[in-house]
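Two complexes are shown next, each including chain A; its partner changes from chain B in the first to chain C in the second.
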Partner chain A sequence: MSRALPVLTVLAGIVVLWYAAAVLMNATWVHDQAERAGTTVTWAEVIPQTMTQDRPLLPPPHQVGAELWQGLFGQAVTSKRSLVYHAYVTFKGTMMGFGLGIVAGVLLAMAIVRFRVMDMSVMPWAIISQTVPIVALAPMILTLSSQLGLEGRDLPKAIIAAYLSFFPVLVSMVKGLRSPDQMQLDLLKTYGAGETATFLKLRLPASMPYFFASLKVAVAASLVGTIVGELPTGAIEGLGARMLIGSQFGEPLIMWAALFAAAILAGLLILVVGFVERAARKRMGVPL
Partner chain B sequence: MTALWLALGFWLAAWALNVWLAGSRLSQTGPGRALVPLIFGATVLVLWEGLVRGLGVAPVILPAPSVIAAKIAVELPVLWQDFTQTILKGAIPGFLMGAGAAFLTAIAIDRSPFLQRGLLPVGNFVAALPIVGLAPILVMWFGFDWQSKAAVVVVMVFFPMLVNIVAGLQASERMQRDLMATWGASYWQALWKLRLPAAMPFIFNGLKIASTLALIGAIVAEFFGSPIYGMGFRISTEVGRLGLDMVWATIAVAALAGSVFYGLITLIERWVTFWHPSQRH
Partner chain C sequence: MKDATSQPVIEAKGLNLVFQTADGPVQALKDVNLAINQGDFVSFIGPSGCGKTTFLRAIAALEHPTGGTLTVNGMTPDEARRKRAYGYVFQAAGLYPWRTIAGNVRLPLEIMGFSRAEQDERTEAVLDLVELKGFGKKFPWQLSGGMQQRASIARALAFDADILLMDEPFGALDEIVRDRLNEELLKLWARTGKTIGFVTHSIPEAVYLSTRIVVMSPRPGRITDVIDSPLPKERPLDIRDSREFIEIAHRVREGLRAGHHDD
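Take a look at the complex of A and B:
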């Protein structure tokens, strides 16, 4: 692995910077305390004190790590304090949105490739839809679904996630379904293949590499959508809600732990999708 | 009920018109290309209006477009104040600072392939993370006013931009770089005359992604604390009082701002990267 060393160096650099920033930012509090007590502190005394505050401005990495460990493994996974539980809630929302987004993206792409009028009228609006900041819609989607008598937050969260994740799938699928060249299309015509057969036997298989390439982007977008869906409206479950609770109760450690749990979840999702992509490519005989 | 039938009738007629337009010769020309999506957009609005009126949908569930338009006209000063706070003070300065910082970082690590190989995977990974989660932390650090919003935008924009700029700086070909070397071009000359122009398509791709992220960041940050104006503040408070017409009015402004922002970047891109195959017509 020629990439491991540089990556590790960069990560180590980030940790060092983080510690330095933590000392600088938390030192203010220590100085204030000392001033109030009427004593002075030297830097040698300040630094240890910046590492162990209950409510630091910037928690140093080991505190975040401890909180994360406590949240992940220190509780029963069904406990409301367990990050595994909250991560599972977020994961569920992400998967529902991801599924919905894939279905919507693929169906729209099929219609766009088949009907010229769909291409001309819908495609520009699909692009514009992504310039609309979805977060503006998030609180409204949540109230709307509760007005309509839908129980729970799963569906509105999934809609927000799907809104963000359908677009990469749509763009890639349109490209993929159009990727067979004229020669191949002509060949199928000489075989007497109809519209359906051409689609199933040529266009769909040809689009698969494009499809899998878009999934990685889509799953990350879906996770962002789910967390955004949990953030603004006083949700009580999920990683986004954990961040909100940390913010409202002034508990930075909860926020940071939730943030890192979200990062781990994102990493796992991307890893799994990458694995599926590789397996599918191997199965279809596409060179990696 | 008549409103509903009228709307449905309009929809069918407009759809038939669009099908005819798409098949006709007009669709090869510029105006024809613009007309079809415009008709489609208008149809959606008419259908929405007809559905709301025909079925008597309560305004707390979905206000009609005409109601929203009236609200925009009445509340223009408030909407403008929100727009200045969120977009002009939060999103755009943050966008410029984040993109600028990414650019400087990319140039700084340009001479070290070691750092690049380390930073690219890390940057790619961070770019996929839900960075919006940093919003409450940054609001805690920088206070409720626009500074914290700009900070959230800086963080959200930085990594996607960095990854795109670093990739772009590697986009020039070996042959081209060798040619610069035979001309005795210095590092900075080669950067300025060859590698930066070659990186432009990548940079603009990054800018387009970042423009959407900037608006999201600025609005989300306001959910965690803001002065008593701003688009995120307006949305979250009006949702609480079920003033959905105002929410939709703000969303319309956000959508317009987002599209104009994106459109501006596309225009500049067309002007800067006129030589690129995707821009030739």
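Take a look at the complex of A and C:
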């Protein structure tokens, strides 16, 4: 409870600010309507009207909550209007990109630690890759993959997600694989251990804490990548597509509900990764 | 026992070792001549920078001499390593935190390709030898510093090398623990008949443990005195109050001081 209190306090603060902002922003429309009708309205009349608009500039929390509830539980999960369905599409893309990112990050890190040439040639490019805005890159990857005759958006979405998620894994794994100190390396030398044994017995297990720490960042990055991959026109599935539809058709409620669904998905993913991390730490004898 | 009594286990002749550093070459070892026989307990003592650790590392083929010859069991240090001639104990226990104590002791056996059954058997035997029976399933963080260092000695003994090289193994421990481990180390040495090379900068520790004490001095690292200890093989801790003990300690101190006047 003592831990929940500060979080709830901040949450309450945000809700209050949100309502205040909703009133101020949505009031413009109420005043416009009144002007057109040639009447005047008092603030006491304005405030209730800012809470129930169909297309508010800023929907108040309860409207977003209702739309979210409707989207999640109001229809069959297979329906195209169900947020559960869209969240599943996004989740699938995220997991594919996450897996691809982990594989790419770990393999690159292994090569970089093993070969000096790789360290000097690949590492700078890996860093530069992250300075290219993914929003600019995503449509290119999508176009390219359809040019290559790839059906659907699954693979290009996974590539975009992996493009963002491999980097934290790479950086952490390079650090982790290099974490054993000279004494530990010397010890293995006295056993006549070769490269493979040194890697399997020392470097790899020593890098595990770094690896798991990077997974939380990587899974969040992968989700962002997937959503960005769903944004470019033509997408009809996924939370990213939902957000775009909401914004293009002037349905802010749809957009906000999708946004919150994405946030919930991110929270769940990080929670699951946290559980996996804890289980792995326990197996490796780390005191909890 | 081998019939190598005539031939030293470790022999250095005119050994030189120069490190190339950013500030130019540093002579770590200069003209070192030393023969260590089967079953000797040899301590290397001297101030930091005297090359005692470098010499031990050269025996273990962790450093490579730039001049002279160095043989271990009549072979080059590199060959001797492949023949599993020695176990090495570092100043820090350096146990892998993700392995249990038994898992740590098993590490060299896994790398050297012992069978699973033999791994278990040897692990149990050496844990017993260092009095850590029943601690095999614990993780390193659950053990005290002294117990961790004993586990690291067990790890060095696991593959039954004839030579045990120890680089200030008890340097980071408090004096009471250190005394106990010294006593246990002597017992272990008596029981196993291993040849031990032991680096320290504690005079009482060197005198208490060794059959021979090698006094070294820095810049350039060289041997200034080799003292054969007249103390008996059986050594209770209170031998340190005996006249002989104090005389040897005095000679070591003189040797260290003489080396110090040189710079």
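By definition in this document, the second predicted complex is superposed on the first by the 284 of 288 C-alpha atoms of A that agree within 3 Å, B and C clash if a C-alpha of one lies under 4 Å from a C-alpha of the other, contacts with A are read in each partner's own complex, and residues count from 1 in each chain.
The rule is simple: a residue touches a chain if its C-beta (ideal position, glycine included) is under 8 Å from a C-beta of that chain, and two chains touch if they have at least 3 such contacts.
The model shown is predicted, which means the values in this text are computed figures rather than measured ones.
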In the superposition, chain B vs chain C on chain A residues touched: B
Which of chain B and chain C A:D186 touches, first, second, both or neither: second
Touched partner set for A:P48, first chain B, second chain C, both or neither: neither
Touching residues (chain side chain A, partner chain B) in the complex: 2-3, 5-11, 14, 57, 116-117, 119-125, 128, 130-137, 139-140, 143-144, 147-148, 216, 220, 223-224, 227-228, 231-233, 239-240, 243-244, 246-247, 250, 252, 255-256, 258-259, 262-263, 266-267, 270
Chain B to chain A touching residues, read off their complex: 15, 18-19, 21-23, 27, 33, 36-37, 39-41, 58, 60-62, 114-119, 121-122, 125, 128-130, 132-137, 139-141, 211-212, 215-216, 219-220, 223-224, 231-232, 235-236, 239, 242, 244, 247-248, 250-251, 254-255, 258-259, 261-262
Chain C-facing residues of chain A, complex: 183-184, 186-193, 197, 201-202, 205-206, 208, 284-287
In the complex, chain C residues that touch chain A: 57, 60-62, 81-82, 84, 86-88, 90-92, 94, 96-100, 107-108, 110-112, 139, 141, 159
